[in-house]
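Pasting a structure below so you can have a look.
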Amino acid sequence: MTDAVTFRGVSRHFGDVRAVDRVDLAIRDGEFFAMLGPSGSGKTTCLRLIAGFEQPTAGEIEIFGTSARGVPPYLRNVNTVFQNYALFPHMNVRDNVAFGLRVRGMGRRERHAAAEEALALVELSGFGARRAGELSGGQRQRVALARALINRPRVVLLDEPLGALDLKLREQMQEELRALQARLGLTFVLVTHDQDEALSLADRVAVFAEGRIRQLGTPAQIYRRPASRFVADFVGSSNVIPAEVAGIGAPGQWASLRPEDIRLDPAGQAARVTGRFFHGRVTKLTLELRGQRLSALIPAQQAAPEAGAEVRIAWSPEHLHLLEAEA
Amino acid sequence: MTDAVTFRGVSRHFGDVRAVDRVDLAIRDGEFFAMLGPSGSGKTTCLRLIAGFEQPTAGEIEIFGTSARGVPPYLRNVNTVFQNYALFPHMNVRDNVAFGLRVRGMGRRERHAAAEEALALVELSGFGARRAGELSGGQRQRVALARALINRPRVVLLDEPLGALDLKLREQMQEELRALQARLGLTFVLVTHDQDEALSLADRVAVFAEGRIRQLGTPAQIYRRPASRFVADFVGSSNVIPAEVAGIGAPGQWASLRPEDIRLDPAGQAARVTGRFFHGRVTKLTLELRGQRLSALIPAQQAAPEAGAEVRIAWSPEHLHLLEAEA
Amino acid sequence: MSTEAPAIFAPRPGLLPRLADRLLRRPRMFVFLMVLPITLWLGIVYVGALIALLIQSFFSIDEFSGMVVREFTLKTYGELLRPANLDILLRTVVMAGAVTLAAAVMAFPIAYFAARYARGIWKALFYVGVMLPLWSSYLVKVYAWKLVLAKEGILNWIFAKLHLTWALDAFLGLPVIGGNSLSVSYAGTFLVFLYIWLPYMIMPLQAALVRVPPGLIEAAADLGAHPGQSFRMIILPLALPGMVAGSIFTFSLTLGDYIVPQIIGNSRLFLGQAVYLQHGTAGNIPLAAAFTVVPIVVMGLYLWGARRMGAFDAL
Amino acid sequence: MPSERRPPLALTLAAAAGLVFLLAPIALIFLYAFSSEEKSFQWPPPGFTVKWIGVTLHRPDVWQALGLSLKVAAISTVVALVLGTLTAAAVSRSRFFGREAISLLVILPIALPGIITGISLRSAFALLDVPFSTWTIVLGHATFCIVIVYNNAVARFRRTSGALIDAAMDLGADGLQTFRMVILPNIATALLAGGMLAFALSFDEVIVTTFTAGNQTTLPIWMLEELVRPRQRPVTNVVAMAVVIVTILPILAAYYLTRDGAQTAGSDK
Amino acid sequence: ADMLKSLGPGEGSVSIVAWPGYIERGETDPAYDWVTKFEAASGCKVEVKTANTSDEMVALMNEGGFDLVTASGDASLRLIAGKRVQPINTALIPDWDKVDDRLKDAPWHTVKGVHYGTPFMWGPNVLMYNTEAFPEPPTSWNVVFQEMTLPDGKSNKGRVQAYDGPIYIADAALYLMAHQPELGITSPYELTEDQYAAALDLLRTQRTLVSRYWHDAMIQIDDFKNEGVVASSSWPFMVNLLAADGVPVASVIPQEGATGWADTLMLHSESEHPNCAYMFMEHALNSNLQSDLSVWFGAVPAVPAACTDGSGMQTEEGCAANGAGDFDKIKFWQTPVSQCDAEGGCVPYYRWVSDYIGVIGGR
């Protein structure tokens, strides 16, 4: 089976800025793919390269095996859900959703029917006559999704679609997105800087930094076996500690240790609690251990020590993960 | 000791909208107080009542025992960190921070020195000459904080100060806020709709809905003993299940059960997995149990079943919390 | 330290702060004071004078003495409806409409280019290009155009050099808009009007176009709209309020001008000239007033429509 | 940020043609300021001379008219700035009865043809027994300049978040301090842009001026007389050219100021 | 106000509504200055408001605030009828005697024997023609009224002009006086309905020949220079200017005669500075003003001596070129009024206004 999107040595430079730098990538047909990385790492640029808003400075992009060189956005069967939704303010919801069909010359009656169907898909039946300005953030996001899906694109690109939503709504939309993707069997490419979102939604995740892919793998691989200190640090707030303190590897090496893998243990090493934060089901402790700042998560059932207390902590060696030296 | 802020039967109506409705409240001197609630529940209005931007329609507000009736904002020794920071775009960072001193007539040299000190407090030494537009979100937030703190107010009001920051930065700023409050010993009133933020930062939390306080207590009380279905549902995504299914209480009553308290147990009740989301240290399962949708969190160490699988689940009765009937 | 400072400060001394404070605490009074001067000047004096003018249109002129008879009559309106006067009204409204349309068409590429593509020095150049005509004397510009359009003027000279005189002649041969030369034809009047008022269309249009988020155009392309469709379905509708705002200027300025058609054109009167003439002619003020009713009604309807399109925000 | 930086060729051509259309007549005015013809012009000009610049410099009537026009434009602009800003503040900051009517009222003098404004103001002055003077010209000009300032200010007020005013008061600034330290600096560039345009409009106005001036001669009225009287015609072109040359610097200055203003004005969203 | 009986001291200023170019203070050309000396001698500061049409002058005078106006015959009677101007005490103007006798009692400023002003300047509305198109001077106004082939072999269509003031209807009537005597026109300014209708018909024919009517001198000069216009009613002023510019033009008064304008300095009935105004009227007659202005403006002085006495720049030949010898061929502008000798009355001016608008508009 051909891959949905292939990058071969793709670069996109803006003057001196290497927004995307020699990226090789293959996104499989039908998978939920996430691009994760800090701000400015080139995620959006990658998406824009796929959509056709940018042309690579070097390298080759293929979409379902066909070269995309010089193909303008409106000829690519790829649709985008923009970060700020980019709904057309002068149209109502129905016309927004039906836009893709209108430009393809479909008649009014037919495209309205199709729009209603697409709205039903995102559970917005009956909102067709509203203006975009009269919708809440979550509703707008779903309109943008319906608008992208109505064209039945082969690839759906989502640029931080949930960034502007509040926590509660974000979680709900995440579930809906995932369910929709599974149901329609389309290829979804999601850009996000929220590691939790990437890990929970995607089949595979590419971690970006400075225009390059630092690690590509399943969420579990990325979370449990981060390839580098950067990845360990960025994906789930890991403790990155020198090998000497960790007790494995050679001096100069670093190891990662997840906060939830640190436990209070009277037989462990002495550390000082510098802060305590109640998070409901867990309590987060910030600790100081031999000059290293660590954070640990203690299940809420357990009594957590006060800030300032001296505690003893331990971890099982199998939770330590030795990091490769930074590139 | 007098309380910092006291509300006595305070209401604020806008036409038909009861933004704040007969609220009684006492915020203690020196505590970190959080107002938590969904959008539109009246949190911001409460804050604006304290700051003096709104006048109560009914009731009385006291600040450190003095009635605030008719006192304009600039005569209240209370300062606000606004949701969007509201930094003055035509001033540099130093002048922004020193604004409060300037309007009180302090000389240029003195107030610049004070501004540098305040910037040092929020770890922004050396940023004084920059424009607000040249700062990142987190930096802006800290400038807004320094600007509010420089007046040495008796109460600091924070209106969703971290709402616009991304996850990583938000966590970091939360730690800093808490540390600062502890160090300065000031009264902080934080408005947020992020339950995790309220729970982890505050000494006490008031949960708002529709202009009224639904529950007021320590984070642990609110999390473990929610007073109502609304609070249980809003604070940490709880499962709220009928007493029949839960196996306690009388029919018609409801019980709350935290997702982390559900465990896979071959001896438990049969349920179907409808979704699986990897979140790093835990995996979230959405389940269907006798027609009820539940969510459960499974530690990552444990193998989580696939979506569609049949599983058996159980919980200890002590984790069930019977809810009072809704008002 | 948190216990030292008072929780509520004492009010500030000084008269001015106290006064400002009073006003701020009585927002209604404050707003009232802010809009008072404008209401007095525009609402009472200006609108009052307009109404007084309109009332005059219901008076008539005594045929024998030429004096104004201050009695209510519709006679003057009867006069207004004479064919010669109707011609003037029709001619003016058609001209104003044509100028407005042409200005919109002509302004669009300039405004769009300046708003979207021009950067750095080019942006400045476009700005200057629009502002300079605004700053050079209206009259001198009109007279300069006379030289351009004359039979032995610059345009003819250029056409002759390009061996295109036949094309110009063919154009001038067209009925109605043509004439003996451009400078004595409707086409010439139109061209000069267009030139003089074009900047007033470009500015609001550009302001509207700047505010069209580029993301929307990308979104349209992403959904399969080719550039023409993006233009028609996205850019144009979103720029429309700016265009309507600009058209308020071009339309009204053309409607009332009496200098351009006197210098460039075929001597057939335009509304502004007619008003000027009737008003100046030792007093057919009733007829002059009746003439002004037309632009007031036309602009009234236009403004009403424009406000519904949100054009006032885009002026 | 759009990245398709290259405009379509047709658009570039159309925009360039438009620019030429706008500027070519100005070039012509410059050219004929140096024509050796005296009474009327013909194409191509038979010869060139710089003597008209000298002639113009020694014409006291030019200087008088220029002085009056500058004075009128400056005062009208100030009046328009004050009234326009007040009205804009009231309209954008609060809702009150008649708010819609006021926004319409402000637009009226520019939306109605100048001749109507001129005639009605003239009859109003006659009715109120106001003698014609510089002040009647100023009043006439301010009437239609207000809308220009008003529109610029309203747009800026709308973009300047109300939270800034709250923030200032929260930090201890009273009403006056808030206005001086926060509101004014934030709307300054918009006022500058509006003021520039209002000034230009007033400086070049003929039609309303014809009706509101007594026997005073503003520069446009002087031009009108000078053009109707066919002697030393290049003098009008010299004056027009001088005005353009002298104003180009403030135009550019305003451009750079307002360009930055676009960023400083919007509060961080 | 009543007529002034005796002259008092000057009030310090005088304001005048004038045709452009009538009151020069040397700003345009230092050689032409007849204000500075007057101001110095009389202590009256002169303020000038120019008006471009007779109608504008009437409107300005109606508004008030002025002392003097240089009114043409088509405005003067309107001003008198509207009581905007006051009778003149000629005894207070020592040089009244020098005024051309033919102008002293002219009907456009004398009503029932009462003088309402001081004659100022006059001139004919000549037929200006291009000497290349007309090797011989045209002998009739028919070159601007009837379609014909001109001596240069091309039609006159689009190459002739007419004045765009309603008073031009009189020019048509004058033409008809000669060519259709059966209409019985006695004065081109007193037309019965039938005569008036015939004049309008003639003007409608003319409309098909005229591309643009001339309104101010500047535009006509431009049109002769750049628009290929070869014949038009005009003033000596434009003929002189164009000829000086090297354009091949000349002028003639054709056999039908011509209309003409004669301007009168009239005193506003509510003048606030009557003494200064009288001083200016005297100044207008006795100084070199008449002589210089007739050069400057291409007009004939109301004081014939100004042509010959060397008080200014004018010479006898200059006066002749400006039409001094043609007085008898000229029917001077006056305001048409409804009272006239013809039975049924005549068509009044306000109808001339609206009908001429109609004619130009193609109705």
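As written, the chains take the letters A, B, C, D and E, and residue 1 is the first residue of each chain.
Throughout what follows, a residue touches a chain if its C-beta (ideal position, glycine included) is under 8 Å from a C-beta of that chain, and two chains touch if they have at least 3 such contacts.
If you're wondering where the values come from, they're calculated on a predicted model, not measured in any experiment.
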For subunit B and subunit E, chains touching each: C, D
Smallest number of contact steps required from subunit A to reach subunit C: 1
Greatest separation from subunit A - chain, by CA centre: E
Chain whose Cα centroid lies at the greatest distance from that of subunit B: E
Most extensive contact between chains (C-beta pair count): C-D
Between subunit C and subunit B, distance of the C-alpha-averaged centres to the nearest whole Å: 53
Distance from subunit E to subunit A - Cα centre to Cα centre, in angstrom: 88
Centre distance in Å when subunit A and subunit B are each reduced to the mean of their C-alpha atoms: 25
Contacts with two or more other chains, residues of subunit A listed in rising order: 53
Two or more partner chains touched - positions in subunit D: 41-43, 174, 227
Residue numbers of subunit C (touch at least two other chains): 12, 21, 24, 147, 150, 152-153, 218, 279
Complex contacts: residues of subunit D adjacent to subunit B: 161, 163-164, 166-174, 177, 181-182, 185-186, 263-269
Subunit B - residues contacting subunit D, complex: 51-53, 72-74, 78-80, 82, 84-91, 99-100, 102-104, 132-133, 140, 147-148, 151
Interfacial residue positions of subunit C with respect to subunit E in the complex: 61, 63-66, 79, 82-85, 87-88, 91, 146-147, 150-153, 179-181, 183-184, 262-263, 265-269, 274, 277-284
Contacting residues of subunit E [partner subunit D, same complex]: 15, 20-21, 27-29, 47-50, 52, 63, 65-66, 216-218, 221-222, 225-226, 241, 244-245
Residue numbers on subunit C that touch subunit B, as the complex places them: 1-2, 5-12, 21, 24-25
